[in-house]
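Letters A, B, C and D mark the chains in the order given here, with residues in each chain numbered from 1 onward.
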Amino acid sequence: MLKAAIVGATGIVGQQFIVALKNHLWIEIGALAASERSAGRSYKEAITDAQSRALRWFCDEPPMEEVMAMSVQNAIEMDTSAIDIVFSAIESDQAKILEPKFAVDKAVISTASAFRYDDDVPILIPGINSDHARLLQVQRKSRGWKGFITPIPNCTTAGLAITLKPIYQAFGLNAAIMTSMQAMSGAGRSPGVIGLDILDNVIPFIPGEEEKVQRETQKILGNFEGTSISPARFNVSCTCTRVNVREGHTESVFASTQKACEVDDVARAMREFGGSAGDADLPSAPEHMIIVLEDPFRPQPRLDRDTEDGMTTVVGRIRKDTVLENGIKYLLVSHNTKMGAAKGAVLVAELLIRDGYIS
Amino acid sequence: MLKAAIVGATGIVGQQFIVALKNHLWIEIGALAASERSAGRSYKEAITDAQSRALRWFCDEPPMEEVMAMSVQNAIEMDTSAIDIVFSAIESDQAKILEPKFAVDKAVISTASAFRYDDDVPILIPGINSDHARLLQVQRKSRGWKGFITPIPNCTTAGLAITLKPIYQAFGLNAAIMTSMQAMSGAGRSPGVIGLDILDNVIPFIPGEEEKVQRETQKILGNFEGTSISPARFNVSCTCTRVNVREGHTESVFASTQKACEVDDVARAMREFGGSAGDADLPSAPEHMIIVLEDPFRPQPRLDRDTEDGMTTVVGRIRKDTVLENGIKYLLVSHNTKMGAAKGAVLVAELLIRDGYIS
Amino acid sequence: MLKAAIVGATGIVGQQFIVALKNHLWIEIGALAASERSAGRSYKEAITDAQSRALRWFCDEPPMEEVMAMSVQNAIEMDTSAIDIVFSAIESDQAKILEPKFAVDKAVISTASAFRYDDDVPILIPGINSDHARLLQVQRKSRGWKGFITPIPNCTTAGLAITLKPIYQAFGLNAAIMTSMQAMSGAGRSPGVIGLDILDNVIPFIPGEEEKVQRETQKILGNFEGTSISPARFNVSCTCTRVNVREGHTESVFASTQKACEVDDVARAMREFGGSAGDADLPSAPEHMIIVLEDPFRPQPRLDRDTEDGMTTVVGRIRKDTVLENGIKYLLVSHNTKMGAAKGAVLVAELLIRDGYIS
Amino acid sequence: MLKAAIVGATGIVGQQFIVALKNHLWIEIGALAASERSAGRSYKEAITDAQSRALRWFCDEPPMEEVMAMSVQNAIEMDTSAIDIVFSAIESDQAKILEPKFAVDKAVISTASAFRYDDDVPILIPGINSDHARLLQVQRKSRGWKGFITPIPNCTTAGLAITLKPIYQAFGLNAAIMTSMQAMSGAGRSPGVIGLDILDNVIPFIPGEEEKVQRETQKILGNFEGTSISPARFNVSCTCTRVNVREGHTESVFASTQKACEVDDVARAMREFGGSAGDADLPSAPEHMIIVLEDPFRPQPRLDRDTEDGMTTVVGRIRKDTVLENGIKYLLVSHNTKMGAAKGAVLVAELLIRDGYIS
């Protein structure tokens, strides 16, 4: 068993890491770290509200007893000597400082965006761009690290990149236009989305989100060319909104392909791609990267987000678009805090273990 | 004062007509008609649930006492002798049968889609395509009617057509791509959207909606050419979804213009257009057809739907789009049951009164 | 294996029966029945919307393939020759007619209220009043049936009766006052609660509900006295409301006990009762009838409804009440469509199988 | 015109004061104060998010231009020389420090609970206990102030005390039991209720709320006896919960009266009381303190909260209760941020101006 540290363990993403590692076949939790305020307390104590004694645990699955009893370390002084993997669930500004410290000799897999756009840093989605992991060798060399940093994509990028991949592969892509209807859990809880703001409402702006999705999609679908990734040469334009949904991002996609293709061709490319992911042997990998539904009222976030424990992107309503050249339009639902966050990061760890980057 | 009949008066759209005509300067309610079941009862009795005695009144504004006391007629036998205008708030299949009967000698203004796509039928939005009213002369002649039928657009078309108009006028349009996040009230109450289906959810399909929006937008922005309307020659492609919002459709628009234009140009075109609507003297007309907000978190349906009593389309987040040729993207909020339904129909009546089509 | 028929199989409660019987150890589905309209079609076809081809399946768990392939029978002509148990998921007015037909020679377990208040009909909650099953012998004799009808309680009664039982047993009860905040799923889908009505709202009335809860609680906690049940002699008064929650009824209870008791006494009585249910060996029985939480912010319907697959009633905030004699107040969450409906009925079947009433 | 300062002007309650004073006949805004951070900036600037430039204005009614231009003062250094009334919209811990400073020579009307339970401090609801204002003379003398502090009740107390008053007056009261379903706006926005917590949920605990309601109701309905208030001698017991509603608290009340009374008697007492409030001449007073609806599905927070601009308490479903002695039960809806907060405080100011306490 490899030993993982979870940094930012008391927050919502940190908690999702704890759940994602429950009964994991290859990885066990070796350390929990958070801010100084939590340091030295048991995890249970650290997530218990001092005044009301309420437990601040936010996942559906209950926390494991043995984790509750673990002592929380101060992240900036964490002892990593017995640790093989650091899962980072901290904010970007802290990540900028802490992650390079850990990466000196450890594998750091991060949900933060701090290093996503650096030239020597891949944004990995196993089954989509697993070969980009080779950029980690470049990173190690250039930065003089024994370890490395590899962030996962923004939660909104994940479903888009995954569903564009089989289209891109089969027909080429000129461009993609996307409007997202994002779940509240993507905003976290500090305070995240305020109830008064989202009831009976849509919030039409998520700062920074659109730029991330546009840039990351091109990088993820780009080519690894020996020492760097050459971004995919199609433009992505999006508008990201927040809706009154707990989990599961819905995205309305319009894509222009290079080769003409019919609705059935696209559905088949997605289905066959989904069924043959070369990385389906990884413990957290879904059986299908993509599932395509025929019911015109699907996908719906509440009904489809938990498909294959939230690791499958569910697609529906594939239709011709009449505006774009070889236009295709569809909707997708992707679980933003499973494939789009902690469990997606664990899947990356599994890929890197299998392929010898972590040992 | 002209006298109006409301057909389908007991339903939600019929009720909105009653509210839209409250204290109207030019029009008073002369008759209420519904199905045979309601015929002969007072309006109050007709909308009172027999068993629970609950009032089935669905508007925020309370119903007027004098309307509550009016007797409801059977729509298929309604006496229109003293009536000048028929506001039709019935379903399309009934509209197909009943509206032509009324149109023999009356002005029929309808929220149903039954006749929207007929060549001799305009879809009017005062301030946007007021000149299309001239097609009513053609309709009268071709159908041998003294009256006419003129439907208003689908509620989702309204905001899109209104905001595209100043862009089309100033810069020309190649195409528009739109994803809607529509309010529940657009689906009515029979049963409309079921609470269990929409809580914590997005419903990605509204049967027939996308085709309507695509076709109607082209017709509304088309050219009246003497005896017919030549549809605007830009394509519209959309994906229509339902979100957990009571009133107010949100639309994410990506448009390709013929002439290059900057964000500020588009904002100015919308603002100046909004401020100079030639039909702003009509009693129900908003002061501004369009309001453009600078706050990046706007427009929001809950905050912006009621602008100028729901007759103004509120726009925000105008940005460059990098996918379409001369691409521009923005969001809009439009009140689907005010400008997009009954009150929009009353505005059409006002236009036709002012311009001599109804007298 | 015993064979069960599900009558009303296409509705939401019927679907919950299908889920509750998935992989059941003692019972298998032998027949599905619904209205004439569905008769002769496969179950899959019967729940597929003819026009949109959408599947009208409303449970979280997907339907089993073998059930989808079963042929649906017309309920009024159903062949029960190979059937041992009839689970009835139909409306009360139909139940009045159909259930006695089946009861001539079959065990009928019903979610309908049609027969709940008949003197020779028990309302069973295994673990609470299992001994009331003996009334079925009286019923058989008085009605000349080989079978019987036994309804389960109203979904709102279940949690109240379950939590009052240990209090009643340990301290006696003078009275109980309850205000419910009920989930939408209790209203079904025809149309159930309309989205427009419940968004940003509370609906303060559920017709007939309060009378049911008051009467059923007294009957369930009553004494079986040889040939009849003598209702418990404490009054119950309630106000039932609907809130914007999908599943899980929340109830605010104020109870007056005969013997004085402290908060800790009540918590202990509930905990010990919960841990020692004599019927915990039944396959669908929860390990704990009641779980008492210390966190003052619990129970919450979203977090607690699924405890032990929705068969446990979760209690919190036990406090002294200063108004009633020996007053105690608490809140409970109970899963209205698991313990409160189909799965609760399956648990009743299990009790009656174990105790020899069904064979 | 009297001049008012609003302390805590940038928060949500402060904003509600600004709205409540718009076009006020007797009072104009003379100063705005907030924390040091806002001091010296225009109000508009102080409520504009520095990074996103979004306006943090939370009321439905837009802010007035002249208020936006006012300069915000530091509350602890506020110049009150030209001020007649201080409306305090700050948290209790700050109120403890700041309000006595202002009260040395100014009338302080507060939404904070800091001084509510002091013996020489009345909790005023005009029309309910206007005579308690006389306690302010005692307070002035005992504290050596020229001014005074008078808090309004907790928002949940208001509707309960108002509706119990006519019952208490006509029939006497033994006790009241209440379960509230409170709106999110009562929790404010820092962060108030988090969207993730309230979606598809009920939160069964609001720290401190129940104690406040119990104590304040007795004080408000108590007797002023020359130098102090003798609390009403009936017990109040409540359970306070939070539901997914924006504005408007719903309360389920069970009351025991001293004299027997019928449902119609209670309805009549409420109606007659509501129609004859001796303080209905105050500018912010509703025409009816209480409105009783017959429709069994009312009151509903969304439909009834705005009755008479949120100053009327709306009652429905008055029924006999079978548990309490002379038991009566009903539901009420009360606007927690109008009558229950800023506008209720302005009404208190009006009472005190009319009766000569402020000049």
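Note that a contact is a pair of C-beta atoms (placed from the backbone, for glycine too) under 8 Å apart; a residue touches a chain by one contact, two chains touch by 3 or more.
Note that the coordinates shown come from a computational prediction; the quantities given were computed from them, not determined experimentally.
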Original post:
Count the touching C-beta pairs: is B-C or A-C ahead?
Top reply: B-C
**OP:** Would you identify the chain whose Cα-based centre sits farthest away from the centre of subunit C?
**Re:** B
Subject >> Centre-of-Cα separation between subunit C and subunit B, whole angstrom >> reply: 46
Original post:
Which whole number of Å gives the spacing of the CA centres of subunit A and subunit C?
Top reply: 41
Subject >> Numbers and ranges of subunit B residues touching at least 2 other chains >> reply: 52, 199-200, 205, 207, 244-246, 296-298
Subject >> Residue ranges of subunit D touching subunit B (in the complex, touch as defined) >> reply: 52-55, 199-200, 294-298
Subject >> Residues of subunit C defined as touching subunit B within the complex >> reply: 51-52, 58, 184-185, 189, 191-200, 205, 207, 244-246
Subject >> Parts of subunit B lying in touch with subunit A, wherever the complex brings them together >> reply: 175-177, 179, 181, 199-205, 207, 214, 235-237, 239, 241, 243-246, 250, 252, 254, 256, 296-303, 316-317, 321-324, 327, 329, 331
